[in-house]
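Encoded as structure tokens, here's the structure I'll be asking about.
A, B, C and D label the chains in the order they appear, each numbered from 1.
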Amino acid sequence: MNPTDFPGDAPMFENIVRPSVPALDARLGTPEFVLDHGFVRLIDYMGDEGAIVQAARVSYGKGTKGVNSDRGLLRYLMRHWHTTPFEMCEIKLHVKLPIFVARQWIRHRTANVNEYSARYSILRAEFHLPEPGDLAPQSRTNRQGRDGSYGEDEATVIRHKMTTSYERAAATYFDLIDEDGDDLARETAREVLPLSTYTEWYWKVDLHNLLHFLRLRADPHAQKEIRAYAAVLCKLVEAWLPTVWESFVDYRLEAHTFSRQEMDALRTYMREVREFAADMGGPTLCLDGVTDRERVAFHEALGEY
Amino acid sequence: MNPTDFPGDAPMFENIVRPSVPALDARLGTPEFVLDHGFVRLIDYMGDEGAIVQAARVSYGKGTKGVNSDRGLLRYLMRHWHTTPFEMCEIKLHVKLPIFVARQWIRHRTANVNEYSARYSILRAEFHLPEPGDLAPQSRTNRQGRDGSYGEDEATVIRHKMTTSYERAAATYFDLIDEDGDDLARETAREVLPLSTYTEWYWKVDLHNLLHFLRLRADPHAQKEIRAYAAVLCKLVEAWLPTVWESFVDYRLEAHTFSRQEMDALRTYMREVREFAADMGGPTLCLDGVTDRERVAFHEALGEY
Amino acid sequence: MNPTDFPGDAPMFENIVRPSVPALDARLGTPEFVLDHGFVRLIDYMGDEGAIVQAARVSYGKGTKGVNSDRGLLRYLMRHWHTTPFEMCEIKLHVKLPIFVARQWIRHRTANVNEYSARYSILRAEFHLPEPGDLAPQSRTNRQGRDGSYGEDEATVIRHKMTTSYERAAATYFDLIDEDGDDLARETAREVLPLSTYTEWYWKVDLHNLLHFLRLRADPHAQKEIRAYAAVLCKLVEAWLPTVWESFVDYRLEAHTFSRQEMDALRTYMREVREFAADMGGPTLCLDGVTDRERVAFHEALGEY
Amino acid sequence: MNPTDFPGDAPMFENIVRPSVPALDARLGTPEFVLDHGFVRLIDYMGDEGAIVQAARVSYGKGTKGVNSDRGLLRYLMRHWHTTPFEMCEIKLHVKLPIFVARQWIRHRTANVNEYSARYSILRAEFHLPEPGDLAPQSRTNRQGRDGSYGEDEATVIRHKMTTSYERAAATYFDLIDEDGDDLARETAREVLPLSTYTEWYWKVDLHNLLHFLRLRADPHAQKEIRAYAAVLCKLVEAWLPTVWESFVDYRLEAHTFSRQEMDALRTYMREVREFAADMGGPTLCLDGVTDRERVAFHEALGEY
């Protein structure tokens, strides 16, 4: 017995070309603007959906197959929380963002970053000022967030206070570093600049970690300003890898996890109501548009065999 | 306005002692045996449940509170997929395991490892031989696994074939490295040893990554042999951090995630059946033993407001 | 042939206690103050020098030996750039630090962090103000740094400008969040606060990554303010693991790396000058206080055999 | 004062193309053979030397410059142990390698891997058999390695023993999994296969971590078999990023680090011999072919000012 479908076989010896995605190539270099002075610029990327399939298939010794089965595999990988095949794609962005957003962003450790240095260079007087509609009072129900809105006049007053504060800080900064004045070291003078000051960086990340970033930062609990960046990244992923995006929406963003207690309550209710409805001619639970395997798993999860 | 509940306040200036967990101290050093020659030995640990709470509370500037609210916070952190506070605990183990298990284990990258070196040292003639009850034919429905069982005679034959294979490999190995014989370099001679050969390592990991390991390796889809190790680690976590373990079971191991399509089907059915049952005096869905907040979130998820 | 020095043997079956280091236990909890409002507080640690030796020795199947040979092994590991045994120790700190320092610190990705959240909580009006002696003009030779010093009057003026800037920002912040005033969400109001604002976090890191942090942040090229924190961490490591610290100084901090071109120049010169000095009765190169192995390696590196 | 060289300026708005390196494009897909059955195949890559320069320059707000200054910057980054700009390049390889080599390779954690699964799939009967010239007795001076060589007859005998061992193991494996025979689960049957069995994986890594891999695995202390793979990777890096490779050789592979004690001995000797040679008209130390800055730093390191 000598298996013939081993990956070491024939396809090894052909020259190949780097996979590319026209929808991304068209976006390379041009900024997508975010907030008042920010942007996201696609600089480079590696891999396409075929690259994910290729890596997943090395596991069982087969190459890429038809589009249908690739789509099935991609959805399968997402559904079953596979991670390593998604790490085979990589993306590099140039991002301009306020420092308080950068501080949330950098907490994602599995990524590569080069940031503008305010030790070497002079920071530009650009600060994030929220739009009137983005201003809101401190939430009372959720300690970590905003809730409600302001009237036009109130918003104007608040924006004026913030602008004044930024202008004063900028004036102090430029006064301190002025070569004909104090000529203070840049690394010290920047201490007076506000957290709204814009910075820039190159950020490179693999797809698995990018999706994890998006789960947290495109979530309604994330701060509105970082969500504005996450929204741009979501569009990029959708253009780059449409089937991955679709399955990410289906199995992550719009999926829901029930706890042990919730599953128990649900199964009890389903059993009772199913019997009741069966007796009385009531509605039945029916799941369409999925694979047979998913349908079976769904009913099993709810205690129906 | 000058807040007085800032963490920089009073409690800073006291001398403290390292948190310890008596249930773990009693296990330090003594092996928990796994498979035929393997073991897991607890070598050291850092932190207890208070350490998780402490780190989580730095976020909102408060110290530890009473046991009840600590328990609530721990469950809240697990339910909402917080990760960084769980990284504040660390555990170090001495593990003896077959190489084919070690190869699955090492795929978890966020951990620290020092392994026995077969370049320096001579490997002992210890090989994993499955128990008769652990032998099973290749599964037909799940390409990655075993299914069914063997009769006593068949199992004896298979074990005999495996034992013979191991003994021959060991004989060749010891023959090759014999200083009065070939005296072959150990790093070369080990090439003949089977994947069942036992190795050892020290493995250190933080709690968040340990729980992730357990989600994957205590799962029924994991290979039976690594699950035997995962089962020992589960018991360790339970002894170390009982509330974390309980919430890990409730919100991970025995939780269930429904996809977007499944949630749509479920919500449609719930709406219909609820109306139907209400009209006809049928059963109602009711979730007990959870916080009010969880109960509200549960009904909301199912489309009831 | 059946080796008897295998680590799986006897010592496995004893109960052990967690290693502790009295010099660290005495420091647990009490802050070491840094800059004007900052501190470093030791919260917990795992492992001692024996833990490093233990992990290193699993490689060749032996337990800990006498103090002398442990010391030799620790120096050997450091000299030969071994990393994994040093990952077996872990330390956890509570740190209060200005945000511009926190932004440099967080670039070290292999660590665990929980930070005070300015979304949840109100930031206290504490800002870093450099001491007069820490103020210096922008360096002309090194674009990234400060150079020279100010007269007393100049320093007073600069500090006054900075203080005024901080006070205005703080006044705006507290005005914006005042519940009887604008009641602006904290996550928005903090945008006006300066980069000098103090924050806090719990930071947990393994020894290998801590030493890497210290190589970069205790270096004269690091910004003076983060070096002040690094200096405290250096003292902690020295108290915790004196032999590791000594070898870190010898083989990293006060070591020097010569490039290929420099080694070529050095070897050429050494050959010529050695011959010259030998002929003329000049000085000889002699290295004391190291192992024979190091002495041989030293002369070999310089082209003497 | 309003700086005009800010990276946010003009060049942002142009469409760009992905950087490519013709020398690598020519190699895409075709295997470079290693050992008796192994290979390394380039599958994809991201970035060129311009990408490193681009990321480094964001730090001080400038774009790419001429070739000369790019070269100077790349060498500067390598000399001063900068790491993050090198993380901006990424490479993906398909590698076929013996399991004992794979076990050394996988210890490099900062990389992405998808491996052939012996749970899903049948392993092919391909085993690593060392060439006669690669067989050597256990080293007596270095416990971790081989030393010396065998006569032709001895080598033949050893290879025969290894081959016999492999053939028996393979026969047992195929007997166990035979669907008409034992039909044993693949995940169990593979336990009898030797560590010399070939496996395959896709491996993706950033340039910084690849260079770290090469420092350790192209080193004479690494096992000869993994060095064979490292040699192929070295050639790939050289073709991809010639200036990076050159500076990696100059500042890492052929550089030398002297300890504190060695530097003290060297400085003492240099001072004495310099005075002696100056008096007597002896040779002088002279470093050519480097920048002025490097020359000054070189003499300073040796205690000459």
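FYI, a residue touches a chain if its C-beta (ideal position, glycine included) is under 8 Å from a C-beta of that chain, and two chains touch if they have at least 3 such contacts.
It should be emphasised that the depicted structure is a prediction, and the values quoted were computed from it without experimental measurement.
Student: What are the mutual neighbours of chain B and chain D in this structure?
Tutor: Touches both chain B and chain D: A, C.
Student: Are the two sides of the chain A and chain C contact the same residues or different ones, given that same means over half of the numbers occur on both copies?
Tutor: Both copies touch with mostly the same residues.
Student: Since chain B and chain C are copies of the same chain sequence, what is the angle of the rotation superposing the Cα atoms of one on the other, rounded to the nearest 5°?
Tutor: 180
Student: Which pair, A-D or A-B, has more C-beta contacts?
Tutor: The comparison resolves to A-D.
Student: So how far apart, in whole Å, are chain A and chain D when each is placed at the average of its C-alpha atoms?
Tutor: 32
Student: Compute the distance, rounded to whole Å, between the mean C-alpha positions of chain A and chain B.
Tutor: Here the centre of chain B sits 27 Å away from the centre of chain A.
Student: Which residues does chain A have that touch at least 2 chains other than itself?
Tutor: Correct list: 60, 84, 107, 113, 117, 120, 143, 177.
Student: Please give the residue numbers of chain C that touch chain D in the complex, ascending.
Tutor: Touching chain D: residues 60, 79, 84, 107, 143-144, 249-251, 253-263, 265-266, 269, 272-273, 276-277, 280, 282-290, 294, 298, 301 of chain C.
Student: Quick check: in the complex, which residue numbers of chain B touch chain D?
Tutor: 98-100, 102-103, 106-107, 109-110, 113, 117-120, 127-128, 130, 134-139, 143-147, 154, 157-158, 161-162, 164-166, 168-169, 172, 175-177, 179, 182-188, 190-197, 223
Student: Report the residues of chain C in contact with chain B in the complex, numbered from low to high.
Tutor: Touch list, chain C to chain B: 1-3, 6-8, 12-20, 25-26, 28-31, 37, 39, 41, 43-47, 51, 54-56, 58-61, 84-85, 87-88, 90, 92, 94, 96, 112-117, 120-122, 124-126, 174, 177-178, 198, 200-202, 204, 206.
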